[in-house]
């Protein structure tokens, strides 16, 4: 068995992988996916020696829908719904950094109300996406009740988002210079009710899932990523935070209203699957705090169009009336064909699975010259290759579920 | 002779095809239980676990407590061999097309297909992508669900539509009598979706 | 820490290596020659930039070159976490070859495979340079290069749709 | 002609056969239909949803399994070209038959006229018969010639090593307490149900039955997230239906054994003369108790995930096996003290 030569750090980090295709032939090769309940829309080719995984080779691209290329042919704002399809259960978080990149090129700053609105929807999405992750995780370790409960409660958040934006999943909510809609009148009560409900439910989740003896036994000590290796592999989001890396794009480079609201970033030291589940669990609690604060702020401050004056000033008076009545910002037709000044920008935001990065380059036309997306799942995919070997076959779904890998996002 | 199954005439197994035909004649001709079979299949549409794209989110939500498609007897099942329905969830990429076709061929007849989402109808938002195929080029689709993504109610509705179709057009009992789906042509992909894999 | 401070740190680390500095909004990047890339990257890593956030390739067809930039940042050093620094190089379009940085930053491994299939850039000494996302037939077309064109319907029709 | 009819009648009314047909086949089918419905409904209730419903709203979806079975019965049966054809077809059939075979030897009444086979070692024979059917799951996994099936079969083999000893030991502890291998004597001796006298053995038996029938914390051979459907991955149509039914029928057979040994058998009722009082009512009581026990078994699905294979084996050998030994020791102590 040949071992990778790995620079100077080899002995220090113990990061040794085996070269694919060079391993001994007589090992059992099992193809997990793409039609397999233990993998989503991807395939993991594992080779096992007895019950131990010797090598895992993630075979991605089953959901590669060529977003980067399609974006080069579409107008700036038409790319928002396109990028949203990467992770539709986390739509606002995924697109907000693209919008921020556009705003950086345009050199505008959205009004504070728009910032709070975006933050509100981002956190609602984050909870929904974490619950989605919990549900899939539950099903992966055979716990169907966790799947059903978290999907049932996810509907609460989905409905909240629907009230705010009008769509269950694909909100297309943030737009350059602001947000598309103000909150409806009865939204604060509904949001507070949902927060109260969730605080109660989270206790029950803890009892049936995180503190369940069978679950604990399955998760503890599985898929351990030590801090140094986590940094070396460049994992993001809850995976990194469970390994003791205190990194969150909301802290590192605060966007929207995150520098004004109060929240903590939970960091765990263990780095195993249980710690990753706990990070997500604690993050839901923090998101609830942020939702409360954002709703309070929005209620305290007067309603005004949540969009930059550059776009709003030119709007006809009728549209202002529409906003007064419905809270809906109508877009100028020129926005669809808007030309951006030449320039390059990069922006990051923290989605539920970790940090997403957009590199946007404009050459002065109405379509981007290049958009580069690096999504959290794409960066976490490397975990399969380096962390899964050495664990048992039955640990593979645990690792998969705990890093909350979402193939459409990874493949773009 | 191929393998040990070629002759098929061992004493204790018998000729399965022949005995199956006889049993079919007996059951369908004499007992007339075609209606019961249609009823049973309509309420036992088990979709296979194959998530092709992001509509899988709403697919999962359809079986969540709020919409609970298990009410209608549909239970997502793990292996292709034990199921009789495939639910295409959104875009099918060129790489995934192979998986879709193979899964479809693995499923035992009578089988049904529902295509979910705009992408499964004509590409949807990805209509000009270089890496997608239309599902109807690969498998015969019974019911289409528009929407991007369709709401869970729409998915449940599609299941009910399919149930109605099976019971009204007596798809399954006709399949048993004639050995093929009378309402659907056999779809053969123009180009082999697995060519990238077979090399 | 803001970008100006980060620039100082990187310039200090890269002293002796000729680098062109380009600033964008939200990042700063240093373009070095192909030969110096591995050395420059190793020095950046020693300075605390421990992971690759994004490996971005832009195809400048008119100028006949690819610009390949590794955007790096830090996890272990919390001061550096707030900045994104790019280290990159330019290779000609007709013969794109460059050394791999997998041995410096392991987190670049999958992204280099991705760049290989989308642009056809050959990373010398990459341990496992295979296709990642695409099928061989699609990857042959090198879809993210500018000479691969996908058609898009115009948003404003000049003639009304008929029928 | 009359001789042939007599012969056929004598075969049908040969006690083990009619017990097998009446209780084993018909009874277990009814119980399994009810239990699977109960399992799906109870799980749905815990998970705050409805479960099967629209198939028959007035019966709350009770015929769901009937529909599934009819659908399976009329679906194509695919035999892969690479599979071992004979074994592939035979294995599920034999496994299903064998899994209800223990019912053919257990007496369900104290009236000697209706004992299937009057013998003194009925508990031993019944336990011996329960150990045969899992072999055919391994055969099914091997015959499919599919990687997942083979891994599933191997897992089944591992699990067998863990639960078999425990099941035999914990169920035999009752016979150690009464100092007999005759099930009727064991039942008759239970003035107090044996579960109260020896709860440790009951718990061990409960866990071993969960393992034997892929109950939920131990649903490892068919663990879908790694091995799709375990040994049954390649099975379709009727053959899969049989496979799926076999696990529940096995659970039914085990439950009847456990009812006789731990739960007093036909206990509040004293069988009398005649087929109604002597056979039907006591066996109905036993089947009803077994159904209640199976309902308890099925509740674990909604509470637990599944253990890893090595954890299940470790738990079985480190925790449940000593428990079974302890139960056996307790039984011997009780025999010495003459409690029963």
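Order of writing sets the chain letters: A, B, C and D. Residues in each chain are counted from 1.
Assume a residue touches a chain if its C-beta (ideal position, glycine included) is under 8 Å from a C-beta of that chain, and two chains touch if they have at least 3 such contacts.
This is a predicted model, so every value here is computed, not measured.
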item	value
Shared interface partners, meaning chains that touch chain B and chain C	A
Of all other chains, the one whose Cα centre sits farthest from chain D	C
Length of the line joining the C-alpha centres of chain A and chain D, rounded to whole Å	46
For chain A paired with chain B, centre-to-centre distance based on mean C-alpha positions, whole Å	32
Between chain D and chain C, distance of the C-alpha-averaged centres to the nearest whole Å	62
Approximate Å spacing (C-alpha centroids) for the pair chain A, chain C	23
Residues of chain B touching at least two other chains	64-66, 78, 95, 128-131
Of all residues in chain D, the ones touching two or more other chains	47-49, 224, 228
Numbers and ranges of chain A residues touching at least 2 other chains	36-37, 61, 64, 66, 69-70, 73, 148-149, 152
Interchain pairs in contact, sorted by label	A-B, A-C, A-D, B-C, B-D
For the chain B and chain D complex, residues of the former touching the latter	2-5, 8, 10, 12-13, 16, 20, 36-37, 39-41, 43-44, 64-66, 68, 70-73, 78-79, 81-82, 84, 106, 108-110, 172, 176
Touching residues on chain B, where the partner in the complex is chain C	94-95, 128-131, 195-196, 199
Chain A residues touching chain C - in the complex, by the definition given at the top	4, 6-7, 15, 19-20, 60-61, 64, 66, 68-70, 73-75, 78, 101, 104-105, 227-228, 230-234, 240, 245-247, 252-253, 336-337, 343-348, 355, 357, 359, 361, 369-370, 372, 374, 378-379, 381-382, 386, 411
Complex contacts: residues of chain C adjacent to chain B	134-138, 141, 143, 148, 150-153
Contact footprint of chain A on chain B as seen in their complex	48-54, 56-58, 60-61, 63-66, 78, 80, 91, 93, 95-96, 99, 102-103, 125-126, 128-132, 148-149, 151
